[in-house]
Amino acid sequence: MTPIELLKSYKGKVFDNSPSPFTKWLAPTVIDASEGRIVFEFTVRPEWLNPMHNIHGGVTAAIIDDVIGTMMFSLGEDSFYTTINNTIDYFSVAKAGDKITAETQIIKKGKQFVHAECEIWNPDHTRMIARGTSNLFKTSLQK
Amino acid sequence: MTPIELLKSYKGKVFDNSPSPFTKWLAPTVIDASEGRIVFEFTVRPEWLNPMHNIHGGVTAAIIDDVIGTMMFSLGEDSFYTTINNTIDYFSVAKAGDKITAETQIIKKGKQFVHAECEIWNPDHTRMIARGTSNLFKTSLQK
Amino acid sequence: MTPIELLKSYKGKVFDNSPSPFTKWLAPTVIDASEGRIVFEFTVRPEWLNPMHNIHGGVTAAIIDDVIGTMMFSLGEDSFYTTINNTIDYFSVAKAGDKITAETQIIKKGKQFVHAECEIWNPDHTRMIARGTSNLFKTSLQK
Amino acid sequence: MTPIELLKSYKGKVFDNSPSPFTKWLAPTVIDASEGRIVFEFTVRPEWLNPMHNIHGGVTAAIIDDVIGTMMFSLGEDSFYTTINNTIDYFSVAKAGDKITAETQIIKKGKQFVHAECEIWNPDHTRMIARGTSNLFKTSLQK
């Protein structure tokens, strides 16, 4: 099974088969997956909150970075990509028990660099919670 | 006790008294704390890793955002601050069990906005692992 | 004439009527303008180049910031917006004499904050040259 | 003369000998230059203003990107560096005729990547106007 086929086989289920321990901790449910675009759903957990009992910005940032990483992995390339930087902009909140959706796609793919974007939405897609981008670099490290 | 006195009372110990559930999950040890500058130490845990068994960039981003939030809380102001955006740049790695140090300070404090920075270092301060900045906005929400 | 009507009246022409001296210096041609979305075209000038004779990243950044500012002005609101931060990612090049297109839109508009994006493309929209975002804050300063 | 010696020879004078046409247009005065750290002064010109008659954020962004580029050039390396991204945070204003100082330094230098920072200050260094960072990549393109 290719990485993208693996992801697709988890559609509607928690993706508990990631090679990334932190992805497992985040426990995303696969909503959709195709080459260069994946949609994951997360349930906001009590330990993810800030003092105002909203989802902590650090967790939102972690989710954005992680889903972009999983999307790169799903490309099935031979080389590892390393993240150069992340930018995250915060717009709205989510509470414990809320579901949030992370929609991730490649904006630009060059020979060495990839620029990817992830948007976090509420489930009915009426309110964007956060948005982030990453620049990634194709290393010479083989998988 | 003021917030900064509270933090200082945890010097050398895990700060397990935060009003932030996610800060508790990260379990920082207070190394140093003064107004507008705090230094925390973290131990990289197995669930914090990426597929290459290095600290996951998402966790690094979460730590940076969280420590900046704790520093803002330590100012003891009446109003909550909200994070507008984060920028994180990645330079190096850490492994499970490694200790990492997060040094956080205010770069610019205006009436409504604060710009803060956090650097993540290895313990002997010879290798910078990542660096992030946040813009924060003073809300009218009282604590 | 409202600001957006003013912009529309310059469709196909250089917008030489801006209240911004720097916008005048950049000399954009209005391709399209509607509320919260404008498209401008620029011709790369010799003084805009870097040592490799490509458009200088600083000029690209300046264009992105400027077009986002013009879009905010075109909303015709009573208050000035101030830019909190810019993020610019570079993907490709342009040469002296080349035309480039800046497509700008609002991603999120709240009561106090706006998040806007600008993409720079080559004229036939086959190659993205750069992309930037800004967070803006509605000041109490009246126009 | 090495690039850094060239820069030093312009101390107190406008650096009008840059291989970058846009640097020439910005007309920086060299205040200080050493390996990996340069300080330039600029005079805010009428065409650099925004509608509020303050220095335009786009010009500030352009200056930050340009001075970082000049610092990289001053390293005298054989290869060209390309800018991956810029981040600029805005804090304060400057008026036409004001002098502003751009202090630029390398934060992290790896084999392939450099992370650099530029701060814009008023002349007596009491007020930071803006601050920016760039990630740069060492290309295989030889000078």
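For the reader, a short list of remarks on this structure follows.
We call the chains A, B, C and D, going by the order they appear; numbering starts again at 1 in every chain.
Here is the rule we use: contacts are C-beta pairs under 8 Å (C-beta built on N, C-alpha and C of every residue); 3 or more make two chains touch, one makes a residue touch a chain.
Predicted, not measured: the structure shown is a model, and the values here were computed from it.
For A-C, the equivalent interface within B-D, B-C or A-D is the one where over half of the contact pairs agree by residue number, namely B-D. Chain centres here are means of the Cα atoms, and by that rule the chain farthest away from chain D is A. Centroids built from CA atoms put chain C at 35 Å from chain B.
Chain C and chain D, compared by their mean Cα positions, are separated by 22 Å.
Centres computed as Cα averages put chain B at a distance of 30 Å from chain D.
Touching of two or more other chains is recorded for residues 84-85, 87, 89, 113, 135 of chain B. Chain contacts in this assembly form a complete graph, since each chain touches every other chain. Listing the residues of chain D that touch chain A in their complex gives 84-85, 87, 112-113, 135, 137. Interface of chain C with chain A (complex): residues 87, 89, 91, 107-108, 110, 113, 115, 128, 131, 133, 135.
Against chain B, in their complex, chain A makes its touches with residues 18-22, 24-25, 46-52, 56-59, 61-66, 69, 73, 80, 82-90, 141.
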